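Per-chain numbering from 1; labels A, B, C, D, E, F, G and H assigned in written order.
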Amino acid sequence: MDGRDLKEFIEKVKNGTIGIDEAVARLRDLPYEDIGFAKIDHHRALRKGFPEVIYAAGKKEEEIVKIIGRMLEKEENILVTKLTDDKARIIKKSFSQGEYFPNSKVFTLEVRQEEKRGKGTILVITAGTSDIPVAEEAAITARFMGNEVETLFDVGVSGIHRILANRDALMEASVIVVAAGMEGALPSIVGGLVDKPVIAVPTSTGYGASFGGLSALLGMLNSCASGVTVVNIDNGFGAGYAASLINRL
Amino acid sequence: MDGRDLKEFIEKVKNGTIGIDEAVARLRDLPYEDIGFAKIDHHRALRKGFPEVIYAAGKKEEEIVKIIGRMLEKEENILVTKLTDDKARIIKKSFSQGEYFPNSKVFTLEVRQEEKRGKGTILVITAGTSDIPVAEEAAITARFMGNEVETLFDVGVSGIHRILANRDALMEASVIVVAAGMEGALPSIVGGLVDKPVIAVPTSTGYGASFGGLSALLGMLNSCASGVTVVNIDNGFGAGYAASLINRL
Amino acid sequence: MDGRDLKEFIEKVKNGTIGIDEAVARLRDLPYEDIGFAKIDHHRALRKGFPEVIYAAGKKEEEIVKIIGRMLEKEENILVTKLTDDKARIIKKSFSQGEYFPNSKVFTLEVRQEEKRGKGTILVITAGTSDIPVAEEAAITARFMGNEVETLFDVGVSGIHRILANRDALMEASVIVVAAGMEGALPSIVGGLVDKPVIAVPTSTGYGASFGGLSALLGMLNSCASGVTVVNIDNGFGAGYAASLINRL
Amino acid sequence: MDGRDLKEFIEKVKNGTIGIDEAVARLRDLPYEDIGFAKIDHHRALRKGFPEVIYAAGKKEEEIVKIIGRMLEKEENILVTKLTDDKARIIKKSFSQGEYFPNSKVFTLEVRQEEKRGKGTILVITAGTSDIPVAEEAAITARFMGNEVETLFDVGVSGIHRILANRDALMEASVIVVAAGMEGALPSIVGGLVDKPVIAVPTSTGYGASFGGLSALLGMLNSCASGVTVVNIDNGFGAGYAASLINRL
Amino acid sequence: MDGRDLKEFIEKVKNGTIGIDEAVARLRDLPYEDIGFAKIDHHRALRKGFPEVIYAAGKKEEEIVKIIGRMLEKEENILVTKLTDDKARIIKKSFSQGEYFPNSKVFTLEVRQEEKRGKGTILVITAGTSDIPVAEEAAITARFMGNEVETLFDVGVSGIHRILANRDALMEASVIVVAAGMEGALPSIVGGLVDKPVIAVPTSTGYGASFGGLSALLGMLNSCASGVTVVNIDNGFGAGYAASLINRL
Amino acid sequence: MDGRDLKEFIEKVKNGTIGIDEAVARLRDLPYEDIGFAKIDHHRALRKGFPEVIYAAGKKEEEIVKIIGRMLEKEENILVTKLTDDKARIIKKSFSQGEYFPNSKVFTLEVRQEEKRGKGTILVITAGTSDIPVAEEAAITARFMGNEVETLFDVGVSGIHRILANRDALMEASVIVVAAGMEGALPSIVGGLVDKPVIAVPTSTGYGASFGGLSALLGMLNSCASGVTVVNIDNGFGAGYAASLINRL
Amino acid sequence: MDGRDLKEFIEKVKNGTIGIDEAVARLRDLPYEDIGFAKIDHHRALRKGFPEVIYAAGKKEEEIVKIIGRMLEKEENILVTKLTDDKARIIKKSFSQGEYFPNSKVFTLEVRQEEKRGKGTILVITAGTSDIPVAEEAAITARFMGNEVETLFDVGVSGIHRILANRDALMEASVIVVAAGMEGALPSIVGGLVDKPVIAVPTSTGYGASFGGLSALLGMLNSCASGVTVVNIDNGFGAGYAASLINRL
Amino acid sequence: MDGRDLKEFIEKVKNGTIGIDEAVARLRDLPYEDIGFAKIDHHRALRKGFPEVIYAAGKKEEEIVKIIGRMLEKEENILVTKLTDDKARIIKKSFSQGEYFPNSKVFTLEVRQEEKRGKGTILVITAGTSDIPVAEEAAITARFMGNEVETLFDVGVSGIHRILANRDALMEASVIVVAAGMEGALPSIVGGLVDKPVIAVPTSTGYGASFGGLSALLGMLNSCASGVTVVNIDNGFGAGYAASLINRL
């Protein structure tokens, strides 16, 4: 039951085509899927400012192609994450105008200019060079969502001067995303230097007792600096998305 | 907006007190909490056949007393789980007609006869004597929900003849709850002997590498027997509840 | 010692060919394997209504072919799970009339019509599209065991309206299987909406701190909704089997 | 070397008391602790808007009393977290004008009016009643930092209508803190309903396979909803603090 | 159906009181619990040479007293493990002739002389003094089961000469039990020195990353020395029992 | 200092070429490596009755070929474990008279008849067919070490009659090795049926929450049956070796 | 066979009382325990420069008193670690001249002046005030072993200026011990600032996902700074000991 | 602001081009990156005695080539770790004068003679042959940093005489690195024999419950021998580096 149906229904109530008891019964059972969810859906479109993001892992190429196709019909911008090189090759055949970032496994296709809704700058930092792919996923996501994004790579804690030397960049950002593997200590340092929200992304960089990013994850969760929140291991997209929401406030 | 409000609203639509556009607007925003959720709540009451169960852990005595009080006003039967002896003493002061089971930390107070909705018999089994408190929680829950419940304790796998000797009891049950700690192997044996749903409850019985029930939990999840499903460690209530739902089909 | 042997033995006792002491001795040692287990075996065939399921992982192609061959001689329907594409190709060469489901790695070959023993409908739900292979394993198993099965895919909790919009399907099912990875929250939602047994299947969908399905598994075990039980990670077969047992009650 | 020392030094450079080479040498070695850190400290005071928070765990009563005393001399507002009842009794003897919240183990003493720096409303939600202490820690922290805070307790996912019924409150908040134990699914639901930053706080509520909050933590990290970030188990303070930083943007 | 019943039955078959068909039927259904399990029980008594051991954890005092009472009626020797001091005090009131070992939490009461069935000597070794309680449990168990037991305490690997100095004792033993906490390395050393079965018992001795014995357990399971097998953390009883079975061969 | 050196030294002491003080000094510093360790080495050869076993994992083909070559020079029998098919092909080129078992990844080459030192029969059991490779490693090892070995495969607990039907084989064995994956319950059943040492080998068979054999390992360590000891996951060799040591007593 | 025995033996060889063959035989079997280990023991005394340290956990008061007594007879200095307050009270009764440090649970009693063997200064740092007890254990140990020790507390990474302000102290130390809980990031910072060995001690400070020090431990093991090595959680003694060995080089 | 800039600035202060207030302001904001960090950098070069080590994992070939190129311009020696064979082939094309060690995945290129700064000998030991690659990484690193390095391979604890036979080598070393997998017991033995710092490197050698080196890691952290510190699993580089720092004291 969308808006038009609803109006028609009310008119019928008014003119007596539908009796009061029947109207009560139908409204009582009013499936929220018909109103509520269409509404939620519209609301969703309104509030998010961009459509569903396609998480490619576990989806087949043909499925992804089909989803992109349907979204393009609605003139929606496309963001695909965790897209392997093999799958990307196939997607590119159908949508050659899109751009694939092999480092971060992201595919984008923008059919309309995304409005700049972010107010400040989102700064994306990495501890080491191996964390760059995850950081790139965050940066692309945030740019896609209409934000100014700056990046600052390889400023990890084993050479503390590297991050201190970039204190200005830290101070000027409105939200900071920090990707780090191994001991995951960089977000604590950054969180201690600034009064801005810091989103920490543990990466699976490392070996041995890094246990696929668990070490960095635990380090970040136990950060002794205030204002640091954490997303899943290697979840650059999630960090970029959350940073975007914050940057719109 | 409950049923009466709704009727009143529709009458106003009909007699023009509320214009069509305003009606559409109000219905579009119709908080599903007012209709939908009141409905869900009734539905809830209908389908569950008994009210909310009170999980006492993390609640203070005065909170529990207040909740029981409000439920008794609606003539609802009371089931409280994970209630420590200390808390039970205080609850009993206010509701002396209730019964407290110190083994399983359950408190019940039945103000009206629960209708027997379970069709078959629910059999609750334990591997050892230390698993009895958890099994008792399952048995009390299932009885409270209107089921015939049989129990069979201390028939663990180190003396396989004990469970085999009770094959008849196994065959006659419609649902079987098996509580076991340590290696948690009994559900696999039972699941291999019968063609009935088996709900396995790992218990925190054991020491060392039992890791508080983790060993039994993993054993049950990996059961090579079909038809076995698992609930949380020491969750006798959950097993009794799920068995009750199954027994009503 | 089967039935005929037993009769012969008793006749010999009666006519004195076997003395009382010898008879006592032989009966005392009566291997239950000979009577008891043949009996259990028959019982097994009776109660399960369908033969052994073949778990293909860790078995060689020639072993699987041999087992299928022997089962077909007894006119038993065939269900093989966790069968890789490579093995399936070889199996299909011998049993081209069978059907292979590459998504869920299941192979079926039905030589006789399975009697419809399930009373209600089993509903199989997934949170995301990546959970479909596991759900398909559950659905095929349940259908193979003689049940009506409905499916409802991609209704996860990040868009809660998707599952709410399908409340009717939930209400009409007699048992619900819910496959979900990542945070594994969908079974809790479903369990809170219905009064039917819900079997939760954690899937290994996800990355980082999903730890191969551990996150979803723990989430499901800790479900705050009652009536939810859990099977092993990616164990669609087990969920379908348990749902079938419940649906027969 | 504070501001005055610095001025004096420069005057000496200007009037030749300190030669150029010596000046270069002294500045080259200028301990950043003297300028830099005093500066950082001032900066810290500026940006944080409130002084150091005292984490009481692992500190002795006399240490806490001493720290509070020194901070009061500087007319700083006091926030102490994780303060046990026993320690609180002793602290209260010295600072009877302070307020102790036994539920959340927080002690506050405000000697000057905190300026309202938060722009929107921070909404603090709990899944169950057992999560309230952690939520209260978040709410007190956010209020202490100059924010409007609303709370909404016991709206967990086992009765999904409870959170849906409060959609308006969700929509009106600028930042949402969600405390949940057990399966920790509530932040995913909330994150799917709103376009605001959601800070998830896993709580140690639960038993068995909740493993002291690990289950909720993993569930939240794997949230399939975008915009959700996570803090340490039971870290209400951290969530309130991060929400405050976000609310100031 | 015990031996006498069986004889009576056969006599009735012989004299025709029970017809052949009825006899076949009764034997076919012969509940193995009646013959088979009684038989297993006798067998059990025969083979074990000593009765059930009472695992006191999770049992109440009155339950333990009752079990001991019933066993004493059958003139069985009593071995109770994991018996806390509090429970022991109560047990001693009823059975003052028994002996309680507060170190190892074992209670024994021997009403008849246990026959020496062990052929060689069982040597029980500890790495440190903190491992002695677990070792004592093993030693008491093995002596109770009729073995010669020698002990050798505090010969851990940080002073490798201590174990080398006792090479003779190692060589003369037929089975060796090694209890060790922390890194659990002693069984590997012992296993490399002798050609006898070595049963390793990890103990929960240690702190920090010993994780309650997990470290020692993993170390022992990964022993690079051949001939080492492992029991549960702190399971002195299990080690003493297994050593006894081996020593009887 | 070997035997000849030692004699020469003593003769020099006797004839005064070496003075008493010098002799004391030299003996005091007598490197145990020269006497002690040669002695240990001889002892080793004596007691083991067969030479070093070659663990192929992490060794290169040429290293393995070299080690085998040197051992063959001393007419020692060869046992290589964890040898991949690729490496085996290369080894076979050099030692074509050896035998490679691709299932269990074992290579043997017997140049002299191994004396039968085992007294009873070692029985090797598996729960499922997927556990056979590990069991075969155990069986080959035990045969190689001079034991009679029987095998009994696929008698897991989901069909408890299968193991009960083979009770005779269990009773006749002197030592039993049980390989099982998934929930690892079979050793508990076997341990409850016999009074013989049972060596449990967890296998990495399974998926999901079997966590590479962890589930089976924990199950076996927590076995409620006495007389069960455990070796590392997939360590068929270790089980066969330990069984051999026990069988020689 | 000690020195005197050895001399006597050699004299007998020389004068023919013991024949050459007999001498060879006796020397061949010369138990290294008699010579070798006495020697190792002396060596031990020589190299350690101080006697055995008494690890009090798991030892009874009377055992500790006895060990101290015997060591005092040999005029050895006493260091007891992990000594609870209760035990300390009893120890102090017997050895009132000793000193007990209730913070770090260390007891020392020096009967002779420890020679200053450490060459440089050992610097002991903590991240927070809660880490001080562990640091104090390290500092007392290092002082007891004859080192100059400096301490620097509460310089954790959330205020990076605190550690930078103390760069001089870092530069002047020859070995640095860093105790930190929570995310354990301080050793990485320190290791990046200095070219000295850094010994990291994770502490069990923290809550939630600190998992009793596991988070700090993993962080330190994954340190991206070179020159950092790690000891067990809360092992201040081990860190102080290792630092002492390094400082003697 | 480097040295020259600084001088210029001071001259301007002196001659009045820059006023006192402006000077104070500029110095107060003096970015430590300009002075402080250039200084740290020089300091870094001074103290380390060799440039940055290149950790190749997660870096692309072209990145590594570029970094090496820039370092060679400054005549710095090159050390690359964790370099796969594939990457090494490409690196060798550009820098054919370098040496690649395929066992330990290390690449070195020395353009100037490294000064011998290590005072004693660093001894690198392995428990088994499979630990050699990790040990080789440690040895190459230590040699590269100007140390004498000895190696002693395959002296693990299953044949304790092997390590005892090499006691002299142990005694002569100034620092000992011990690489061991499986139970990781060797460092404890070595630590009990010597009074030198022992750096333990757990290796991922092993299978089953070795859990990728976790078993060895925990064993080493719990070492009952004093003076043992630990680095990450397979971190031969870190051990060699830390040993070098110690050896320079």
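Criterion: a contact is a pair of C-beta atoms (placed from the backbone, for glycine too) under 8 Å apart; a residue touches a chain by one contact, two chains touch by 3 or more.
If you're wondering where the values come from, they're calculated on a predicted model, not measured in any experiment.
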> Looking at the contacts, which chains touch chain A and chain H alike?
Replying inline: D, G
> Measuring between mean CA coordinates, which chain is farthest from chain C?
Replying inline: G
>> Report the inter-centroid distance (CA atoms only) between chain G and chain H in whole Å.
In response: 25
> If you average the CA atoms of chain D and of chain G, how many Å lie between those two points?
Replying inline: 39
>> Can you compute the centre-to-centre distance for chain D and chain F, using the mean CA position of each chain? Integer Å is fine.
In response: 58
> Counting in whole Å, what is the centre-to-centre distance of chain E and chain H, each centre being its mean C-alpha position?
Replying inline: 50
> Which residues of chain C are in contact with two or more other chains?
Replying inline: 32, 36, 40, 128, 159, 164, 193, 208-210, 214, 217, 221-223, 226, 232-233
> Quick one: which chain pairs are touching?
Replying inline: A-B, A-C, A-D, A-G, A-H, B-C, B-D, B-E, B-F, C-D, C-E, C-F, D-G, D-H, E-F, E-G, E-H, F-G, F-H, G-H
> For the complex, which residues does chain G have touching chain F?
Replying inline: 3, 6-7, 10-11, 13-14, 16, 20, 23-24, 27-30, 32, 35-36, 39
> For the complex, which residues does chain C have touching chain D?
Replying inline: 127-128, 156-160, 164, 181-185, 188-189, 191-193, 206, 208-211, 214-216, 218-226
>> With touch defined as at the start, can you tell me which chain F residues reach chain E in the complex?
In response: 40, 47-48, 53, 119-120, 174-175, 193-197, 199, 217, 221-223, 226-233, 237-239, 241-242, 245-247, 249
> For chain E, which residues count as touching chain B in their complex?
Replying inline: 31-33, 36-37, 40-41, 44, 55, 57-59, 63, 82, 202, 204, 212-214, 217, 232-235
> How about chain G: which of its residues touch chain D in the complex?
Replying inline: 128-130, 159, 161-162, 164-168, 205, 207-210
